[in-house]
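Chain lettering (A, B, C and D) follows the sequence in which the chains are written, and residue indices restart at 1 in each chain.
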Amino acid sequence: MARLAAKAVSKTYGATKALRRGDLEVEAGEVHVLIGSNGSGKSTLCKIVAGSVRPDNGELLFEGHPMVVSGPNAARKIGIGIFYQELSLAPHRTVAENILLSDLPGGVFVDRKALNTKAQRYIDLFKNVTGDNFHAGAIVETLRPDQRQLVEIMKALSSEAPILIFDEPTSALDRAQVDRFFEILRELKDDGRSIVFISHRMDEIFALGDRVTVIRDGETVATKRIAETDAAEVIRLMVGGDETLTAAEPHQPTAVAATAKTVLAVDALSGDGFGNVSFNVAAGEILGLGGLHGQGQSAVLRALFGATPPTSGTVLLNDKALASSSPRATINRGLAYISGDRRRDGVIAGRPILENVTPVHALKQRLSLATPSSLREKAKPALEALRTKFAGFSHPIGSLSGGNQQKIVIARWLIDRPDVLLLDDPTKGIDLQAKTDLFQLIRKLAAEGMAIVLYSSEDAELLGNADRILVFNGGSVTRELTGADRTPFNLYQAAYEAA
Amino acid sequence: EDYKIGLSNGWVGSEWRTQMIEEAQAAAAAWKDKGVNVEVVVQSANVDVPGQIAHVRNFISEGVDAIIINPNSPTAFDPVFAQAKEAGILVIATDAEVSSPDALYVGIDQKAYGAAGAEWLAKTLDGKGNIVAINGVAGHPANELRVAGYKEVLAKHPDIKLVNEVNANWDQAQGQQAMQNLLATYPDINGVLVQDGMAAGAWKSIMDAGKTDQIAATGEIRKDFIDLWTKDKLNSGATVNPPGVMASALNVAVLMLQGKELKEPATAGQYENAMYLDIPFIDSSNLAEAAKQLEGKPGYYSYTDQLSIADAEALFK
Amino acid sequence: MDQTPRSRFSVIDIVKTPLVVAVALIVFLLFLGEYLSPGFASGQQILRLLIVAALMGIVAAGQNLVILGGREGIDLSVGGVVSLAAIIAGNLMAGENSGIVLAIVGCLAAGALVGLINGIGVTLLRIPPLVMTLGMLGVLQGLLVVIRNGIPSGRAAPGLSQFVTQPFLLGLPGIIWLWIVIGICMAFLLGRTMIGYRIYAIGSNEQAAFMAGMPVKTTRILLFVLSGMFAAVAGICLLGYSGSSFANVGEQYMLPSIIAVVFGGTPLSGGKGGYTGTMAGAILLTVLQSILTTINIDESGRQMVFGATLLLLMLFYGRGKALRA
Amino acid sequence: MTTDLVAAQPARGNALKRAVERFPFLPALIILVVLLVLNGLYQPRSVSFIGLTGLIKTYLALMLLAIAQTYVVYAGDIDLSAGAIVSLVNVAIITAMDALGGGTGAVLAGLGIGLLVGLACGIVNGIVVATLRLQAIVATFATSIFFTGLALYVMPVAGTPAPTAFWRTYGGRILDIPFVLYAVIVLAVLLLVLARTKLALRLLSVGDDQQAAFQSGLPVTRIRLQGYALCGLFAALAAFCITGDTASGDPLVGGKMTLNSVAAVVLGGTALAGGFGTVTGSVIGALIIGLIGSLVFFVGTPSEWQNLVQGVAILLALMAGILVGRRASR
């Protein structure tokens, strides 16, 4: 009998079916992988199990007995610990306080000593991989994203629950941290714990999982033993009948003609998080930025764009000096920036699609009046090029799926062609289909003469799309990979050599 | 002789208060002719009760000889006045009575103020009719005394029916809105009891409704209103709470500091520590006189009256 | 493009919009008022209520904008600006029609200046709006005292008084026309201009708006400036309504203007809502206050009923999201 | 994804930064000391033992109300009815003490009733804001109107005196030491104790990120409700002090204290958005407000300018506190 079972669980938000029919069975002592494209309902299913979302229908069973999970607290008592994809940390509290927040030691008073000793146990699990300035008393707000993700992991572990759910726990972690985490998970599994693990990274799934449940469009479509399946089958299950994905053609980036005009010339640029970075990008070129995450790649892009202006260095755009003082200034000069963190940097939540797709156009064309009919005409081609699915311009952007929201945000930059497109990990958290569409488009734009700078946290994406790769380490460029040098081996080596 | 007198005012929301302080300052200066140097130090700010208690404590620290206060509460100052007295400081309240046995009240009798308006209205209406009242801040002692004053009078006139009472917080615009609502729901009222600045507002609503001829209402004493009253021949009567009360209190204070003794000890009022000043009343009979006093003054200036030094001296042995 | 219209505007959705709720409540209250004290819902009285509502509604216009702009936007200084404008206007026009233009210009400039300082404090110094405007309120209250000692408070020009209280066009006083025009302008600003798009964008997701090249700080400063100017307009009108200016007239608008906005369906979190609802909210609040004046109960009873009714009405609006969705 | 990185940030101003991180009220404390020095310069007697005792006696109520406000602000809420609760408790205890005869027993019973009334008001606010999920600013404004109405109902006009035993104790001395100093010591201990409770930590966590706190398994609604209840209790204590200092009942006495309590909280370095701050800061903030008021007088500001100067000074102090705090925490 499964330790935990969800049977035909469903959840509707307004008119949206987030989860149509979620089924999941987790045994004791297994790592059970949950996979599905963005918005397929994985997190929703997990949150229902963990009590933070109220299901519409369906049944939850614990050791075969029906259970009522009335809230997160109840779930913890039953024995369910969870790592939330979007984290559940209190930024102004310390690491120790966060780890034990839901179960503070002491009675009426907090037992500080017990708190620190207990928290230290979980911190020690990640000894040597936590990075600088990580200790029990550190304020979470001051930590890096990967460190925060570690805190959330420790928090989930501290529940000591027999059932542990990890909803994309590795998306910000570096290799060493992931390795350590996987060791811990294997130990837990050997202890007889049940682990639900979600990731979009196929290699992780096959490295760790015992069984995999695939969820598509809010419905559980299959559960397989990892040993009895392969990546191709899992992908097929994820995308259903759609064959285009599985047949995704391997792209062979071509070196840009040496005669191509340099569009963007960056010289000795320094700023918050990077120093002395120089490079050129030519028209039609896709320049990749690589390396371990958080080595300054994002910071360079944001600085170029003027979001956090650089402190020194020069930038030439089409041979004229570019002052990266604000996005407004750089957009006017022909820059565009697409962030992978669409919820923070892109989506204007609660507003109609039209208002989400037009702001850059309005800026470039100096529009002061909003004439919906003509704006719609302007936006249509860009949205069509991205194959965006949406019901109407006046619908709120929140009514779209995540991938389509991202497409709306991207389309905003394409109504008026920019000269340079800065891509800051643009596929973070979007599914395979959307990714494929996006890179097809990017290559098309490059072919039409746009200069593109691409940072991706996924090496495969870089290798598959960039004409040239600058490897970052400690805030500066340590190596440049061109032509045939662009191999996974070289990329890993360059990323790690100075680290 | 040199005296230092502290003036405390806990609310700066009206011109009346400003004039009150100005008159007191002028009164202090006038003592110079008598060879007495009266230095006034003023604390005037929008404060709550604790804030005004701090005023008094500051005066004690400053080492004044006397404190004259327009208090934000009748009873709240008992402990701090006791402390002032311990420090040998004379405390006089004005405009609103205080319960402290360690202080003296010099000002008008607010109850008589309310009664005077009601007497006038009753007389004007020949003892019958429907009236409404617009009061100040509910729970404020001066307001409650005035209400008690007019209720006592109305009790003597059973044919006058008080159909509704509302509070407009001594705010002109709120008085105007309240009157407007009352006029809509009580189309047949004959009289209105309303005080101070709210009266100007109430009259504005009455005039806007075209009922100037049908309604008698109490009025107020700012020049703006007196002018309007004269011009439009309003059927009005205004009890005067003169801003000069603080000046009067100051004159009394100086004489007491000089060691003089009152002919009649101040024992009036519910707290038996009051010395009531005369309450002037303006109606059609003396409107012209009042207008004359205010000639050339700015519109916000209130009709005033105070005990001159000589008047005050007459009260002492 | 794949067109899959999903707009299913059911009757329930429409009935639940704040505007409809507010209008329904207004009608209900008018009937209730008429029942409790006959004469309450007469044409003349409704007109007079609308004048009072217009005063609050104009203040609420600025409040509405600041709240829409998000980042806990709120303007507590409007009360001070209303008083300030009434006094400046009274002095500049001093009872003469010829002074009206100067008075309007002077007041708008003063309101804009206060708003500018608020805006600078909130955006450039990043002081939370509640704190900044609360501090500003204290400053304005002090300024009023200084001004009144220097300059006597003035009187409204007859033209202004007439504009506010007497029929002007089609039997409606000028101030109501002014309010209607403001309503149309606000709807246009918010719905048909890029500034409107920007206001919603920064209210909804400031970071995204910034990354899309919107001038976030300038826009937010503009909102505070507009709030100051609307409060100044209300101050001028209030002078016309009451004939002469006097201290602290504006105090009564500080928190009620926020309630009018909330009753109009704009949550304090910003990025959502509009002015049409706020207009209904202002009327609703005015009608409610008036009913309470006309029924004959003690002041203590009135306040308890008023407070409880406000709470009850709030249940119709902007309740926060449930923690467990 | 962000500008975070490996390269360590320069260590400039690290000491100040860490100090402010640990003691967010440090900027306020500096302002307080400066104000005390200035007060002393212009009026030495104001910083004498008696002067300072008077200061505390007068502002103890505001300090307590600021503390009350802090606990709801911790959780990201606000209570605009705090002043109205003070008024209501004030009239309630005066009425009760009066009705019970004014002896020691009556005083104690009155105080008990006062705590219950404050607690009840806090719970009403908690239900309205946390359980019914109305927006705190407008909802507590509405309850403030309701509480004021109730206070007017209990005592229609200011005036009933407090039993002598009560205010003589508050204003008097025990063993030659002013009673308020004992009160301050008890208060300090109480605050220290409260700061160590789980509730304080949980309130702050809820204020940090409400949804995250909920998902972590904290009973968010109950915690916010407890915050309001605690606020109500401290508002009741504030009412005791004001009753001790004024020796009478007044249904309007606390009304104007609400916004001051909010200002005091902000002056003390607590974030209105929640999740960060200290009650100590709020106590200092209340004293700053008081000292600015007296300094304006002691320097000899002309009466018509006093309000303006005070307003500007408070605004500047608010700004300075926020700016210094932020500069240090960067």
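Throughout what follows, a contact is a pair of C-beta atoms (placed from the backbone, for glycine too) under 8 Å apart; a residue touches a chain by one contact, two chains touch by 3 or more.
Owing to the predicted nature of the structure, the values given are computational and were not obtained by experimental measurement.
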Go through B-C and C-D and name the pair with more C-beta contacts between its chains.
-> C-D
Of all the other chains, whose mean CA position lies farthest from chain D?
-> A
So how far apart, in whole Å, are chain B and chain D when each is placed at the average of its C-alpha atoms?
-> 34
Calculate how many whole Å lie between the centre of chain C and the centre of chain D, each centre taken as the average of the chain's C-alpha atoms.
-> 30
Please report how many Å separate the Cα centroid of chain A from that of chain D, as a whole number.
-> 44
Among chain A residues, those touching two or more other chains are 52, 71, 339
Multi-partner residues of chain D (each touching 2 or more other chains) | 151-152, 156, 211, 214, 304, 306-307, 310
Listed in rising order, chain B residues that touch 2 or more other chains are 12, 18, 44, 46, 138-139
Report the complete set of touching chain pairs.
-> A-C, A-D, B-C, B-D, C-D
Per the touch rule, the chain C residues reaching chain B in their complex are 37-40, 42, 44-45, 48, 52, 141, 145, 148-149, 152-155, 165, 238, 241-244, 246-249, 251-252, 289-290, 293-294, 296, 299-300, 302
Hey, which residues of chain B end up touching chain D in the complex?
-> 7, 9, 12, 18, 21, 41-51, 53-55, 57-58, 60-63, 73-80, 83, 99, 137-141, 144
In their shared complex, chain C is touched by residues of chain B numbered 12-15, 18, 44, 46, 135, 138-139, 163-167, 171-174, 176-178, 180-182, 184-187, 197, 200-201, 204, 208, 224, 298-301
Considering the complex alone, what residue numbers of chain D touch chain A?
-> 1-8, 21, 193, 196-199, 201-202, 204-205, 208-209, 211-219, 275-276
Residue set of chain D touching chain B in the complex reads 43, 45-46, 48, 51, 54-55, 58-59, 61-62, 151-152, 155-161, 167, 170-171, 242, 245-257, 260, 290, 293-294, 296-298, 300, 302-304, 306-307, 310
